[in-house]
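What follows is a single structure, and I will ask about it in a moment.
Labels run A, B, C, D and E following the written order; every chain starts at residue 1.
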C-alpha cells in the first residue's frame, strides 16, 4: 500500500454518501511554524478532495500535524502555502476569511474549551446566540442537545462542576447546535470512557447520516477510524504528509457487531501495520 | 432692577479674615448696590491671578508683594484698592532662642509657608533690607500652621514666617513664642483687591459698585457693638473654617475687624509709600528685575465709587 | 466578606491595637495637638461633625463626585482598554500619551480645569475620572490579552464578529482583571475628587479638610479625614462585592 | 516596544496634532500665559531648565525618591500580597486597614511625616511607597488566587512546602498580574514623590513646580512638568520592558 | 460476578508481585461534594487494600468517581469519611497530611499541567528541585527521562511549543523523576496516539517491574486495563461504588502478542459485559 497507492489517491473520486453536506478541496497545502529563518515544516503537500457528505477520518502518530490540518480546514490557520476551497468557494480571499463559508463549519476541539462564565446550557447555545436566535428557542435547543450527548440535567451547571468527559460532550453539543454542513472534530472522544465513546460513535454516525453533513474527524483509535470513516487518511510523521488514503467499504449503518467481522479486522490490521512502520 | 452678576474670589477658602465680602453678600448689601456676587473660595495667589486674568473672577484679593511679582511677569493685572494696609505676616520663633531681627537669621534655617511664595519673598526682602546675604539663610517649606512650632522645638528650624492667625493661635494656646510683624522691617502693601486691566476697563462701574458695597459692609462691622449677629449672618450661608471652634470664630472676627479700620477710614485707598518701599526691596532682593512700568495700582474704580 | 467570620473579630482587635499605639505615642512624647491630636480628641471632633447637617451635605457632594468620576472612568477605561487590547498599533500609539497624562502632576491642570469646568463639581469629577481611569484601562488590556487561546479558537471557528468576541469572550474573560482595576480605580477616584476639592472650590469633604487645617483646627481635620476614610472604605467594599455578582465562576471570587 | 513599528510614526503625529490644538487654543482664545502658556513658551522654558545644572540635581533627587519608594512598594506589595493571597483570614483582617490607608488623604499626614522623617528625601520615599504599594499588593493577591487548580494539584501532590509553592508556582503564575500592578505602581510612586515634594522640603522637581507656580512663572512650571512627565514615562516604560524579561512565556508579553 | 463476589473482595489478599512498593489501604471511604445541605454523593463504601508493588487499574463509566478516588489516594482530597493508610501509616493526621507518606507518591493528572513558565526540562525536574537536587544532576535526569518517554530533543522548549500528546508524556516523566514508591495516574495516556500508547504501556510495565513500585492507574480502555493490571477495580456509576474487583492472572512480562490470546480476550469481554449493564 501507501507509496504505490499514493498516485491513485489524487484521482480517487470522493464517494457521495450524503447529499446536503459541503465538499472540501485542499490543494498543495503546506504549513511552516516559526519565523521564516528557523521555521519547522509541520505539514506538506496535502492535496485532497473531501466529497459532499463524506466522513473522513485523520489518523497518524502524535505530532504528525493532524491538529494543524484540522485548523487549516477550519479557517483558524491560513496555511503558509496552498489553497482551501469549501463547496467550490475559496476559504480565504487574500487575508480575509470568507464569512459565508465559515457559517457552514462546526468545530470540536481537543480541549472542551467551555467558557467558565456561562452555564452548560449557555455554552451549548452560544453559536445560536451569535446568530441571533431568541432566548427561549436557545433554551429549547440546548436541552435537546444535552439529551442527545447524554448530559441531561446539567443544563444549569457551571463547567467546573462537570467531569472532563462531560465537558467534552457539551463541546460536541455546542458544535452541533448550528446544524453545520461540515463538522470538524479534533479527537473529540479522547476524554470519554470506552462505553460512552462507543455510544457517541453510533450517535455520531446517526447524526451524520441524518444531517448529511461532511465530517472530518481526528482520532488516535484505529478501531474508531475504521468504524466511522468513509475514508481514512493516514498522515506520516514530521513533516506530515499524506501517506495512505484508505476507503472503508463497510455498509451503513454500521453497528457495534460489525467490529468483529473479519472485514473490519482486516482494515484495522492493515492500518495498524502501516502505522507501525513509522516507529 | 436687574442685578449685575459678578464673581469674587477669596484668597483662600472661607475664613473669618475675608468676611467683608461674605457679610456684604449675606446682609444683602451687594444686592442693595445692584450686584449679585458669587463669592468663591480661592487657593492662594496663583489661583487668584490665574482666575482673574482668565475672566472667571472679576475681583480677587491678594498680597501686595504677590501682585508686584505677577505684574513683573505680565503687567495685565492691577491692584485697585487696599483692604489690609499692613502685611499679615509674622516672624515666629521660640522665646528660648528668639529671632528678633533679620541679622539673627544668618546661618539658620527658617520655615516658610510655600516655596517662592509670599513668605519667602518677604524673608528675602527683610534680609535685603538689612543686607544679610540670601545664601546665609536656609529655608524649608513648613506650611502655614501652628504645627511648625513643633519643628522649632525639634531643632529642625530656628523660626518661621506665618500669618498673624498662626501667631495668635500659638500665643493663645500658651506656647512661649516671640512674634513680630514683618512690616516692621519690610514695609509692604498688605492685602489688595485686584483685577485684570482688561476687566477694569470694561467693568469699572461694576467694580465701583463692589467697592461701595464693601465699604458699607466694613462700616457695619466696625460700628456693630456686638459682632455675634454679623458672624451668624455670614456662617448662615458660608461654612467658615473657624466655625468648629467653641466661640465659632467670634474672637477671630473681633481681632480681624481691627485690621479693617484703616481701610474703612481711608476708603480702601492705596498707600503709595508702601508700594514704593516694597518695589525697592524686591528689586534689591533680586526677586524682580527693575521695571519701567510701575503702575501696580489704579485707583480709578475706587475714585468712581468714592468721588 | 459579609458573612460572619474571624475578620469581624480580628479587624477590630488590630484596629484597637493601632489606636492604642497612637494614644500612647501622643501621651508619652506629649505630641502637640497641632501635629497629631489624640484619638479621643479626633473622636470628639467626628461626633461634632456628624451632628452637623452641613457635613452631610459636603459628604454627599464628595460622594457624587467620586461616583460620577468612577463611573466615567469605568466606561472610558473599558472602552479604551477594549480597543487598545485588540488593536495593537493603537495601543502603541496612544499608550505614551495616556501614561504621560497619568504621570503628569494634575495640579498644573487645575486652573485650566476650573476655567473649563468651573469651580463646581464638574472639575472634580473630571479629575477623579482621569486618575481612576488608568488602572481600569491597563487591567482591561491585560485581561483581553490573557484570553485563553482555546477560547479564541472557539469564537474564530464560530466566525464571531469582533464585537461578539468582545462581548461574549473577551469582556467576561477580562472581568476578574477589570474588577481588580476597579478596586484600585475607586480608591484613586476618591483621591482624585478629594485632591480636586483641596485645590479649588468650596464644597466637599476635601474642602472641609483644607478649611479646618487653615483654621488650625487639626482635630477637626482628622475628623474630616476619618469621615473621608470611612466613605472611601464603603465605596471600595461595594466594588469588591461587585465581584461576587459579576464573576461568580471565578476562583478569586469564590475565595473571597 | 522598541522594535521599529508604526507607533514610532503614529505617536509623534498624534502628539503634533495635540500640540497644534493647544497652540490654536491659546492663540484663538488669547488665553493668559498665567493659565496656559503657548507650547513654544513652554519649550523655551524647558531649554532654559535643561541648561541649568540645578534642574539636574533636582531631577536626580526626585528620581531617587521615586525609585526607592517604588522598590519598597514592590517588595512590600509582593510580600504582603503573597501572604494575604494565601492566608485568607489575614487578608480579611488587614484589608480594611490597608484600603483605609490608601483612601486616606495623605496630605494630612505630611506634617507628621516631616516630624518623623525630616524635610529630606525620606518622607517622600515613604509617601511614594505608601501610594504605589496598593495596586501591586492587590494584583499579587489576584494573581495568586488565579493560579490554575491543576497547577496547585501538582504542587500539592509533590508535597511542596508553602514557600516552594509560592516561589515555583504562585509567584510565576502571578507575575503577569504583578507586572500590571507595577505598571500602575510606578506611575503612583511618581505621583507620590511629587506630591511629597509639593507639600514639604526644598528639593526635587515637585518643589520646583510649586516654586515656579508661586513665582507666577507658569511657563517654567509647565517646563518642570514636562521634565517630570518625561521622567515618569521613562520609568514607566522601563517597568513595561521588564515584562519581556520576566514573563517571556506569557501571551500578554508576546503581544507587546 | 460482582454482587456475589463482592463479599470475597475484602478478604482477597493483595498479590505481592514487587517488593519495594508501598501498600495502600482504604477503609469506608466516602466522598460528598458541595455544602452539607445540598451535597452530592460521588463515591461511597470503598474498602480496598492495594498490595505493595501491585498494579491496580480503576475502570468505570464517566463521572463514576475515578478521579475522585485517585485524588483521595493522592492526598489531594480528604474524603468526607473513611480512612486512607499508605504503608501502614495514616495519610491524614486530623487535617494535616502526613509528609513522609506524601514523599512516596508520584501523580500524573488527566491534564498535563505543565508550568508554562518553565522549559520542558525544568518542568520534568521540578520534583527534584523541590528535594534540593543540584542543577547539573537535574539536567542529566531530565534528559534521561525525556528519552524514556520519547520527547528527546524538546528539553529546552516551552510547553506551548509541544503538541498535547508530547506535553502529557512530559507529565509522565515528571511524575517518574523522583522514583516514587506509589505512582498514581489519572488517564495518563488518554491524549496519546494508539501506537505511542501501546509503547507507553509496555514502558510502564517495564518501569513498574524494575522499580517494584505500586501503581494505581485510571483508564477508559478495557484493553489497557487488562494488559496492565494485577487487579482491575470496576466502579459503578453515581454514586461510585466498588462493583467488581477482578484479578488478571496473565504472566509477566506481558507482550503486545498476549493481547490476542483467548485468555486476554475473555477478561476483556467479561469486563465489557459488566460495564455495559451500567448503561
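To be clear about the criterion, contacts are C-beta pairs under 8 Å (C-beta built on N, C-alpha and C of every residue); 3 or more make two chains touch, one makes a residue touch a chain.
If you're wondering where the values come from, they're calculated on a predicted model, not measured in any experiment.
Student: To reach chain B from chain A by way of touching chains, what is the minimum number of steps?
Tutor: Tracing touching chains, the least step count from chain A to chain B comes to 2.
Student: Could you name all chains that are in contact with chain C and with chain E at the same time?
Tutor: Joint contacts, listed by label: A, D.
Student: For the chain pairs B-C and D-E, which is connected through the larger number of C-beta pairs in contact?
Tutor: Between D-E and B-C, the larger count of C-beta pairs in contact belongs to B-C.
Student: Could you give the separation in Å between the centres of chain B and chain E, each centre being the mean of its C-alpha atoms?
Tutor: Chain centroid spacing, chain B to chain E, equals 85 Å.
Student: Starting from the mean Cα coordinates of chain B and chain D, work out the distance between those two points in Å.
Tutor: Averaging C-alpha atoms per chain gives centres 38 Å apart.
Student: How many Å are there between the centre of chain C and the centre of chain D, using C-alpha atoms for each centre?
Tutor: So the centre of chain C lies 16 Å away from the centre of chain D.
Student: For chain D, what residues touch not just one other chain but two or more?
Tutor: In chain D, the residues touching two or more other chains are 35, 111, 115, 213, 250.
Student: By residue number and range, which residues of chain B touch two or more other chains?
Tutor: Counting only residues that touch two or more other chains, chain B contributes 46, 50, 54, 145, 147, 150.
Student: Mind giving me all the chain pairs that touch?
Tutor: Contact pairs between chains: A-C, A-E, B-C, B-D, C-D, D-E.
Student: Which chain E residues qualify as touching chain A in the complex?
Tutor: 60-63, 67, 110, 163-166, 187, 190-197, 199, 220-222, 272, 275-276, 278-279
Student: Give the list of chain C residues in touch with chain D in this complex.
Tutor: Touching chain D: residues 1, 5-7, 10-11, 14-15, 18, 35-36, 88-89, 92-97, 99-100, 102-105, 107-108, 111-112, 115, 134-135, 138-139, 142, 145-146, 149, 176-177, 180, 183-184, 187, 190-191, 194-195, 198, 206, 209, 213, 221-222, 225, 228-229, 231-233, 236-237, 250-252, 255 of chain C.
Student: Could you pull out which chain B residues touch chain C in their complex?
Tutor: Spelled out, the residues of chain B in touch with chain C are 12-15, 40-41, 43, 46-47, 50-51, 54, 56, 144-147, 149-150, 165-166, 169, 173, 238-245, 249.
Student: Could you list, by residue number, the parts of chain B that touch chain D in their complex?
Tutor: 44-46, 49-50, 53-54, 66, 69-70, 73-74, 76, 114-118, 120, 139-143, 145, 147, 150-151, 154, 156, 196
Student: With touch defined as at the start, can you tell me which chain A residues reach chain C in the complex?
Tutor: The contact residues of chain A facing chain C are 71, 74-76, 97, 99, 102-103, 105-107, 109, 111, 113, 115-118, 126-127, 129-130, 158, 160, 174.
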